[in-house]
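Below, chain A partners chain B and then partners chain C, in two separate complexes.
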Partner chain A sequence: MAVLAPVSGSAAPVPRKKRLGRVLSERRTRFGLLNAAPVVVYLLILFVYPIFSTLMLSLKAENGGFTLHWYADAFRGANLEILLTTLRISAETSLLALVVGFALASAISRLKPLWAGLAMLVVVVPHFISALVRTYGWIILLGDNGVVNNLLTALHFPGAPFQLLYNEIGVVIGTTAVMLPYTVLLLYAVMKGIDRRLLAAAAGMGAGRITIFRRVYVPLVAPGLVNAGVLSFILCLGYYLTPALMGGEKQTMVASLIDEQVMKQNQWNGASALGIILLLLTFAGLLLLRLLKSAGEALRKRGEAS
Partner chain B sequence: MIELRSTLAGRITLAVLATLILLFLAMPIIVIVVTSFGKDAFGNFPPSSWTLGWYKQLFADGSKWPAALSLSALVASLTTVFSLVLGMTAATALVRSELPLRSAVYGLVLAPLVIPQVVIALGLFLLFEPAAMLGSPIAIALGHTVLAAPIGVMILMATLKGIDERLEDAAASMGAGRLTVWRRVTLPLAAPGLVAAGIFSFITSFDEFFISQFLSSVDTVTLPVKVFNVLQYNVDPSVTAVSAILIAVAVVALALVAVVRKLGGSGKQDGLLLTEPTVGLTAGSETSS
Partner chain C sequence: MPETDVIPEPALDSAASVTGTGKPVSVTRLRKTYGGVTAVDEVSMEIAAGEFVTFLGSSGSGKTTTLMMIAGFCEPDAGSIVVGGRDVTRLAPQKRGLGFVFQQYLLFPHMTVWDNVAFPLQLRGVSKAEQRRRVGETLEMAGLSAMARRRPRELSGGQQQRVALCRALVYRPPVILMDEPLGALDKKLRDQLQTEIKRIQRELGLTVIYVTHDQEEALVLSDRIAVMRDGRIDQFDTPQELFERPRTPFVADFLGAANFLPGRLEKQTADHTVVRLDTGGLVTARPQAAADGTRVRAAVQPGRLVLCPPGDGFCTGTVETVTYVGTLVRVTVRPVQGADTELVRLELPAGRAPALGERVGLTADPANVSVFPDVLPDAEQGG
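Up next is the complex of A and B:
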């Protein structure tokens, strides 16, 4: 307070003011460091250090020396298959979440505000309900005598009832439902920002609906599509619950393997290597997102320049 | 305003499609709530007759659910406290000060939201196992805070940004000390944000599965871990009632946030709930940019 007062006094000599500014700024810096300290220390101890020790463990041989043996193991035989399964299911799920999310988001973005608000509530509220519980809901729905199969049988759908649980269909349905709120929210945000007069202008110049969709709408939404797609892919990679509960043996994903190695086989080094591989895949995804973003910006700049 | 005119058929298709997808999102939740009141535990939907039996069974003698429920409540409460302390200080540092390496601190805070949870859980296991802290509620809460604190920081940063800094300056210029300003001006103005951050921290912890799974011991199991074990290994029809309770807790929590936001008049009422889920989302682009 005493320090503050002279600043407002315009009579204060210039050099003093400068020094004062520095003192003030130092005070603000000190205040900032003091306040940032708890969260930084906390995360260094409980987030960064544990991941670092996971990395160390994944490189440690049984005799204490350095080895890449655990990584070689991860890319061999059954483990490699599980890694590939993880990538496959993540790709299927994020693609489906993207397509379904696109349809829903574009529908909502055209609704009247009241209806759009209600629809978004239906999207957002499930997102905050435990994924475990929602997965259980899907197990009830998709069982041999579940609602879905009963409905299909009642409608005399050819082939019904279907095996919808403990196989890939079940896993992809369940995981897509978990990822859907993310894609809808990301795409909705982008779609709300689109100037719909552009579409009308395209129509005015004689473009057909499909052309408008393909040449105007999709390019405008593209950044959101990339974001949503990559993000839901990354989130799927380490996902455990739904594949573990709704999948069969062929749908074992990396997270399940890590869980099994730690809890049942006491194989911490192998689990650590798998964890680090997941981490690297996540970083690769984030890097890709960043590269695409800057590529997109460069493209737009070039478009504006020409 | 010029608009691209849509055909009636197009609008109907869109409406039907949107309804189906919304049903896709809502059905698993509806089916659990309804089934939890049905007499035939897993069978028909809708149930042929109704009962409160599954709920009564939860609290019957010898039931293991109350222990799991109280452990989860304890862990979630601890997490809330940790997350609010870390969240408020971190938000103050990020919004109200000149922080060297600001973007690095910000990136660190958001990182737990994009790192696969299994990696975080594994790391925490490796940290707490040698310390013989597996199964300790404190350890589980410390672990949950890694996920809850970033959410707390995001919400409180938005809250602090929404508070006119000149109010704090005015109080200071009238002679209030830093602590008084914080206690008498900042804190009351930030109250709705603190409540929201607290509630989201609580449900983040209450619903968290993977970290709990890794940090649990045989006799200390949180509610989600117990639900998972029941679903995977043995059949206990009261799990439907537990799931319905978990749904109710989340819905009540969200409603509370909405009410507090409205009372606090934060001015973005149409976005009541919509700001938070984007928290997890923006994290991806924020850390990478």
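Up next is the complex of A and C:
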């Protein structure tokens, strides 16, 4: 029970010692604690403990003492470059996934329910296929003698064949395809919720298509855009398979670096530090989400003032 | 703000509100079918500048479809629409420069009240200072100045509809179309907003086309009412004409819940028609072109019936119910002759109520009795 006390503490408003005691003595509270126990134990064993031990590992020097050496290492030379590459590719991916996802979701949201369901299936089903298979699929499509290049060459497209694999284009195409179902699903849900009569109302007042899109549609979809963008960015940060298979030397991402450190160099401390950095970046992404939302609020407030 | 789609702003000065900004609307033989069902059938009407016209009808009468075609949200199969001398039949809604108020308000949820009202002005490239002045003025007029910074969802239904009204008024469109704008509000609020809409319309000299299924609302607001049924206009007239000289049984029933007394046309003169009722009495009515001896119905509004001593009027009966409704009393009378005839409904001033079971005679001014060929009015099931 002692372990569980903090949980009830967070539920009680301003838990002073006396009040906490009273709350704990209530039958409802005790019953609630009993119910929460399995989840708490589950989280402690499978989430809190591993993250905590990874953190400890990342702070442990080779002689067993405390050190920030592994973090310093992560932000130095080739490692720093890999970190920046990861951020860049994640940003490119989330941007592309947003643009393509927006177009797809907005098209699907205008279809009749039956067709919308089918289109949604086409978008989501690839997600259930093994990522490895999908990635090899892309490799077949994008290779020097792949379907895309053969088609472009046959059409005498200037510059064809293109190098579409083992470079950043390949990685971003691959990761975007992975993130797309998320952005489409998130944006579709938001777009479906928009009252299309609002757009008609704007048209009635004299707004043209571009204005309606810019002043009414996009602002109404904006919360979904922010969510989808940050989600695909975060998911991409730790993504391993596609960049490893479709990228070149220059597209090594943090996940690959961790893999190399653990599997080839048996360097657990450095890998732990990188893992913690990824985790912090994820938190930073979520923080960014919050900031963007409140910034949007503030922007609107300022708009009102003028 | 430079916009790609700037609408020509009508030259506007302070005098505009005095002279009136409304423009005439002319609709010619408008038709619309949905999958074989004719929603609007050859509707034609001329609406004068500054006129308040209501399309009145039950659901499915084609009133909203007609409005949507004038708005441009729905393309007619045939016919033409001319606003202020300009043919707008094939024009996109944003090019027509009209104003709208919808039943569901349709305010932009991501904008404040102020921004909602300023939006149409921004589209027209109105300067910031002018925007501030006009939005401020309009909100002031609607008593919404204190709400300017709020979001639509923070307002009550009545306030939201007022904002929608402001948004339609602020750019002084020559014609404002309203689709049951008060349908979602409670009675008291509806009465209050009706008064406001009417006042603003008069002050600005706006042309308003209003859609409703509420005959009382139509009577209160309109200069003229188009009573619609099955995609056609039954009658397009002033409230008084509709009420006193309904041209079809449907209009008589829909507007005044008229009594229809079956009978046979007995005699016609230049000034009136005489009908022998099935209950035995003779009733004198307005002239009606029909052959002597044909089956007809004499229609008379409950409020136009007058009590008289038994045997004097066109009908004698016993009082079955007496219901007080404020200053009025509703009375039903069962005619003595003709056991299967319907009850006759009356509305009398509260002081003149007869006693239950009393034998009374009924009479009416011939000018208030209309005669129709004997076809069942369709509205009897629902209107």
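Definition applied: the second predicted complex is superposed on the first by the 247 of 306 C-alpha atoms of A that agree within 3 Å, B and C clash if a C-alpha of one lies under 4 Å from a C-alpha of the other, contacts with A are read in each partner's own complex, and residues count from 1 in each chain.
The rule we apply is simple: a residue touches a chain if its C-beta (ideal position, glycine included) is under 8 Å from a C-beta of that chain, and two chains touch if they have at least 3 such contacts.
Computed from a predicted structure; not experimentally measured.
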item: Partners on chain A (chain B, chain C) - clash or fit; value: fit
item: Partner touching more residues of chain A, whether chain B or chain C; value: B
item: First (chain B), second (chain C), both or neither touched by A:I169; value: neither
item: Contacts of A:L87 with chain B and chain C, given as first, second, both or neither; value: neither
item: Which of chain B and chain C A:L152 touches, first, second, both or neither; value: neither
item: First (chain B), second (chain C), both or neither touched by A:A203; value: both
item: Which of chain B and chain C A:L287 touches, first, second, both or neither; value: first
item: Touched partner set for A:D195, first chain B, second chain C, both or neither; value: second
item: Touching partner for A:I140 - first (chain B), second (chain C), both, neither; value: first
item: Three-chain overlay, closest Cα atoms of chain B and chain C, distance in Å; value: 6
item: Shared contact residues on chain A - chain B and chain C; value: 197, 200-201, 203
item: Residue ranges of chain C touching chain A (in the complex, touch as defined); value: 3-5, 7, 71-73, 92-95, 97-100, 102, 104, 106, 108-112, 114-115, 119-120, 123-124, 128, 148-149, 167-168, 171
item: Residue ranges of chain A in contact with chain B within the complex; value: 1, 4, 25, 28-29, 31-40, 42-43, 46-51, 53-54, 57, 100, 103-104, 106-108, 110-111, 113, 117, 119-141, 143, 145-147, 150, 177, 180-182, 185-186, 189, 196-197, 199-201, 203, 212, 227, 230-231, 234, 237-238, 240-241, 244-245, 254-255, 258-259, 262, 268, 271-272, 275-276, 278-279, 282, 286-287, 289-290, 293
item: Chain B to chain A touching residues, read off their complex; value: 1-4, 6, 14-15, 17-18, 21-22, 24-32, 35, 42-45, 85-87, 89-90, 92-94, 96-100, 105, 108-109, 111-112, 114-120, 122-127, 142-143, 145-146, 149, 153, 172-173, 175, 177, 203, 207, 209-210, 213-214, 224, 227-228, 231-232, 239-240, 243, 246-247, 250-251, 253-254, 270, 273-274, 276-278, 280-281, 284-285, 287-289
item: Sites on chain A touched by chain C in the complex; value: 195, 197-198, 200-208, 210-211, 215-216, 219-220, 222, 300, 303-304, 306
